[in-house]
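Please find the structures below.
The following pair of complexes shares a single chain, subunit A, combined with subunit B in the former and subunit C in the latter.
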Partner chain A sequence: MSSHSSSTSSQPAPFDLSAWRNVPTVLMVIGGIGAVAAAILDPKHAAFSYLTAYMFFLSFGLGGLILTILHHLFDAAWSVPIRRINEHLACLLPTLALLFIPILINVLMAGNDNIIYHWIVLLKEGKPDHAVTSKYPLFTVNSFVAAWVICGVVWTVLSRGLRKYSLEQDKTGSIECTRTLRRYAAVGVFLFAITLTLAAIMWMKALQHEWFSTMYGVYYFAGSTWTTLATVYLIVWLLQRQGPLREVVREKTFYFLGSLLFAFTVFYAYVTFFQYFIIWNANMPEETFFFVSREHGVWFWVSMVIIFGHFFGPFLTLLRIDVKLLPWVMIPLASWVWLMHYVDMTFNIMPVMFPEGPHVSWMDFACVAFIGGLLVKLFLKSLNAHPMFPQKDPRFAEAMDIYVPEGKLAQAVGARAAKATSGGKH
Partner chain B sequence: MAATPKSYGLIAEFLTPADAMHAAEKVRDAGFRKWDVFTPFPVHGMDQAMGIKNSKVGYIAFAGGVTGYTSGMLMIWWMNAVDYPIMIGGKPMFSPFGAFPPCYELTILLGAFGSLFGMLFLNRLPRLHHPLLKHRRFALASHDRFFIVIETADPKYSETETRKLLESMGSKNIEVVEE
Partner chain C sequence: MADVIANVEVKAPPAGLEREPLVLNQRSLGWISDAIAGVAEGKTPRWWWIAFIPSVIAMTVMTVMIVYLLSTGVGVWGPGHPVMWGWAIINFVWWIGIGHAGTLISAILFLLRQRWRTSINRAAEAMTIFAVMCAGIFPLIHIGRIWLGWWLFPLPNQNSIWPQFRSPLMWDVFAVSTYFTVSLLFWYMGLIPDLAVMRDRAKTKIRKFAYGLFSLGWTGSNRHWSNYEKAYLILAGLSTPLVLSVHSIVSMDFSVSQLPGWHTTIFPPYFVAGAVFSGFGMVLSLLIPLRTILKLEDIITVRHVELMCKVVLATGSIVGYAYAMEFFIAWYSGNPYERYAFINRAMGPYAWGYWVMIGCNVIVPQCFWFKSIRSNMLIVFILSIFVNIGMWFERFVIVVISLHRDFLPANWGYFKPTWVDITTYMGTFGLFFTLFLLFIRFMPIIAITEVKGVTPQADPHHPLGGAKPGGHH
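And then the complex of A and B:
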């Protein structure tokens, strides 16, 4: 790949990232070997570690999908230059759907001692309790597989479609592409909500199948979008620094991304608190046990980390208006957001296996390295295979703060895009 | 017209937002402190052009929010757990969870008060009269004209030099505003 050279002198020089080029592959290979070793040595613990890493990384795909959908639904202009990043993140979803297969193997083929979902063990032993039978037909093995198929198909169709017409518009500049994308988004937002809730319930919440919470889907959604916004901020900052987005990303792009991150910090806290508060207030044992078990042992301190690290820290950091534009605050914060989201996923999943407290194991690192390395590799591949930002979007001039009299629009956008186009790799 | 000790400042009229903005940049760069721009609608980028820093009202709002939250918690703790304890549903006499919703409302209420009254305080409002209001052309600031006003109270103000500066920015109509 050619490196981009820009005449802009006020910009700091791009980082030399060539030393990092092989890191995703190395992570993927070492992590993959580690994950397989873990599955042989301790299948149950490995499956829990894998599920934690999986739900963590699923957030990025789903977050990218909803950001793309929201962009089209709101007919937004400011997010046109960064839309391709969201589209590429969403296009990790077909792979993510396939990455669920190890969990399916655990459900379908593991012995009863190693299956991570207790309700499936109950079904296989032929003595489902009331909490399972009352959730028929959703809580059957067939439905579990069907839910995976539905999620995978919906996510693949939506993410591929949303990117396909966006890329087509790069070539044709046709307004019809934008209209098609809006239709995708209008239908997609409902399908997104249903499939995300289905996935969060069947894959994460069903670890404790007796529990129910109507806020669980939106809880996972809030955390996922929060994490994705921090990631998009980081990627946009890096791509601006390295060159490809230098001409098209503005101060307002970072300000809006930072503001959205701030909004989702509050939204996550709101959803999380009220999920807790309603259950606390109703005080019914069939609901409270979920939180009672998570206030047990060291998990209590993990919950404190989530309250102060997931909410108060980022909230107070992002409160000031100018912070959203300071890379030296926002970039470390993005890494902190990843850590907090991973802790959040651990807090949801791991107490089922380790009731006394978190149990950090090399298996966790192996699973994160494997899925993370693979996804980063795929993301970089799609990033380099296509233009870095939509080339002929009708809202592009508006996003660039240029007023163009009607008729001159196409020429102006074309000229601007041609000037800024780059195939640089970061 | 000679400058009198009673003059409030110089008012310069501009016809377009761009003219007013470029003029504002020059006034800012000339180092004036007590001056303002009046436009019929918000002009994006004017804050930067005028060199206005972020408003301090956020700190007052934050202080209001913190006061609301802590006073709410203290009030509920005092009333429910100390002054008149009533056992309800086997719950603790005081819990930050049960007390949270009213405290949250109080956070928002006093935060909003902080931003509203903080804004009024920092703007020195309410104010019954302002010298600009009797200037006959100033009413156009809510119609189609853009004004820059430099006050005589500014240390850099000089009747002749400031007028020259404003003329050099292309203002067609510069007048003295009387106190």
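And then the complex of A and C:
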């Protein structure tokens, strides 16, 4: 591990990103206008496009939250320098909760022809089927709103709390902050599991309310964490290249992120395969219809894209140890991961509206641009408003592989660099 | 960019957050060899005989029960309409689950670079192999006509009939036998450098010959180490999917069916989590007394025990999530049979079994949130026994409670095990502990070379370790 632990001091020059500064705002504005236009022109299609984009971006917030929680629960050291990124991603959740309002509007105010959840249409028409009545009182409009409130409150409290005490420790260096963060994480991991499952079921699975699978929450969790890990890799690489994380991020950071991405590539495939296989093998119509409808028309080929693009491609790419350290492989792969997760969300949501195959529309792009632009803008604002990495975390020395108990980090890094250049190889 | 870190202070972790060393009291490399190899040398201690003799007796009872079963027929066991699967499948799944910790520690924790695994991996691997052996007994004897057991393998028999490849029970045969083979190879390969240590320390000709034979001429040369490390990595890579696949496939014995209570998509990851949970429970049950009896507290430290408790906590919580999801989705599905199956679990005639399961597998592990409990060896030992009990009851709940009330009330019944069921199961403990005690007596129970590798002396970055200017090392 010694060779992997060295700081990457001979870095290439930072990119000139000044020309990209306004891109998030432009995307947000154009996307927002497009989304509003879509909602006027074709409210149902717009709502489906919006929900697809929403569930895609919700993954980033939930992924950031669970990575922060796991960092504290596992008392990890290697991830200390990149924890702030996860915290900022998690802090997108309050905004994401508000971004669900258009879906609520669809549920509460749209005409029956335009509501995307068929069970709500059945309720409003006063003709709920067995699959709806048996879910009473969960499947009522009030409960739908309550689920949103619960998720929003839990996510806001957790994400804000985890960042608040992290930032406080930057100033005070108090060990109590670490202890408080661990308490947050201990409670938070249970609340996270409950709310993620609730969101996945109520917002995505309930599009076909007759269908059920105990794996569904795990399935959404696996895809979300996978996508977030790729995103964190990309952000860390960019921040290292640009400077803010140059001295604190090490090769092992990228290696571990890459390994986790690899692990979640396999975990997602494992979960998805068994969900499909168990239902296929039992062959009960009340379950199989979900997959049968996704084997029709062009959706079959989308499922092939998911099998090969979501699993085999990343799996074979990440199999080699050294690949996890190669930006020219990992950065395009991160983009590919986004695409695959979006395709996965589309595969879950869109067959309800378009049973014969996907309809790629400008509305999809508008919704992605609006939510994505807004979230990137907020993320960058958070990033610039606070120190880029935890300043006084008690595990910082360990993260940096430094055994010097006291002193300035710069001196310790400098001392080690001097030792390395003087031929102090191990 | 040095400005970014100019004011960042690096401090040693404060009290309460320090990481204890993996070998306590700055023990020397020689002390480590003596402490571990010494367990398998010298006169056999009295405690060993006190444990060994009852184990052999229990194993003998198991053998007698198996002979009785084979000579009389499977009717000596409890299963009958409507519970056609009884303790045999429960015991099989329970022992297989226990057999998950060893390879998980050896392979997955190795790939995750968890250095703390070194003090516990050897004993856990041995436990894995013996547990899989205990597990393997039940599928073989439950077929009744054991002499036709070879039909399980894909060999055309005299009627040119092939096994039913679409049955998950067949997949079990391949999964478990592959897992056993790779686990055995992995265990043996890790033993080779330590067997050479035993060979070099041996004082009798028999020991020298035996250890010499099995250490395969190991000299500790660079070439040997290089090949060893490569092979270890490859075997770790091969073992990792095997660890996950075995219990996933075992879970399919139930989940691919259409039976309420069995057919649920979360079974594979839930079974794997449960297997790791029970495996670590058994590792704790075995190693906590051993570390005291063998005076190995400086190598199997409180930190190791705490970390294992955390694994138990994590996997217990995952299992708890799975229980909750099963119940929730049974309700969500609107299927009256699914709903009844779960209500019957919690409130039916076997409700006591269900609540023992919930208590032991979900509530007990939550105690491990507290450091004061994790670091109290007596309490951890007791709780680890509860984990083992809870996981047996989990399989009891799945098998018996799901079967004892069929779709029609006319097909309802109440399963009771026979004395043969009970003594056969108890007898497997005899087999397990006989093998484990023999392992303790003749093998290095901790990976000597690997433990040395995690001492400060072996770390080139540590102030106590690595090359020193002008010095020899």
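By our rule, the second predicted complex is superposed on the first by the 395 of 426 C-alpha atoms of A that agree within 3 Å, B and C clash if a C-alpha of one lies under 4 Å from a C-alpha of the other, contacts with A are read in each partner's own complex, and residues count from 1 in each chain.
Following the convention adopted for this analysis, a residue touches a chain if its C-beta (ideal position, glycine included) is under 8 Å from a C-beta of that chain, and two chains touch if they have at least 3 such contacts.
As the structure is a prediction and not an experimental result, all values here were calculated from the model.
Counting the residues of subunit A that each partner touches, subunit B and subunit C differ, and the larger count belongs to C.
In the superposed model, A:398 makes contact with subunit C only, not with subunit B. In the superposed model, A:281 makes contact with both subunit B and subunit C. Of the two partner chains, subunit B is the only one that A:322 touches; subunit C does not reach it.
After overlaying the two complexes on the shared chain, residue contacts for A:339 are found with neither subunit B nor subunit C. With the contact threshold set out at the top, residues 277, 281 of subunit A are in contact with subunit B in one structure and with subunit C in the other. The touching residues of subunit A, when paired with subunit B in their complex, are 273, 276-277, 280-281, 283, 319-322. Subunit C contributes residues 1-2, 4-14, 16-17, 19, 111-113, 244, 248, 252, 255-258, 263-269, 317, 321-322, 325-326, 328-329, 331-335, 369, 460-463, 466-467 to its touches with subunit A in the complex. Subunit A meets subunit C in the complex at residues 1-2, 5, 130-131, 133-135, 138, 173, 175, 178, 186, 189-190, 193, 197, 201, 212-218, 243-244, 246-248, 259, 270-271, 274-275, 277-279, 281-282, 284, 286, 388, 391-392, 394-398, 400-410, 412-414, 424, 426. The part of subunit B that touches subunit A in the complex is made up of residues 54, 58, 62, 89-91, 95, 97-98, 100-101.
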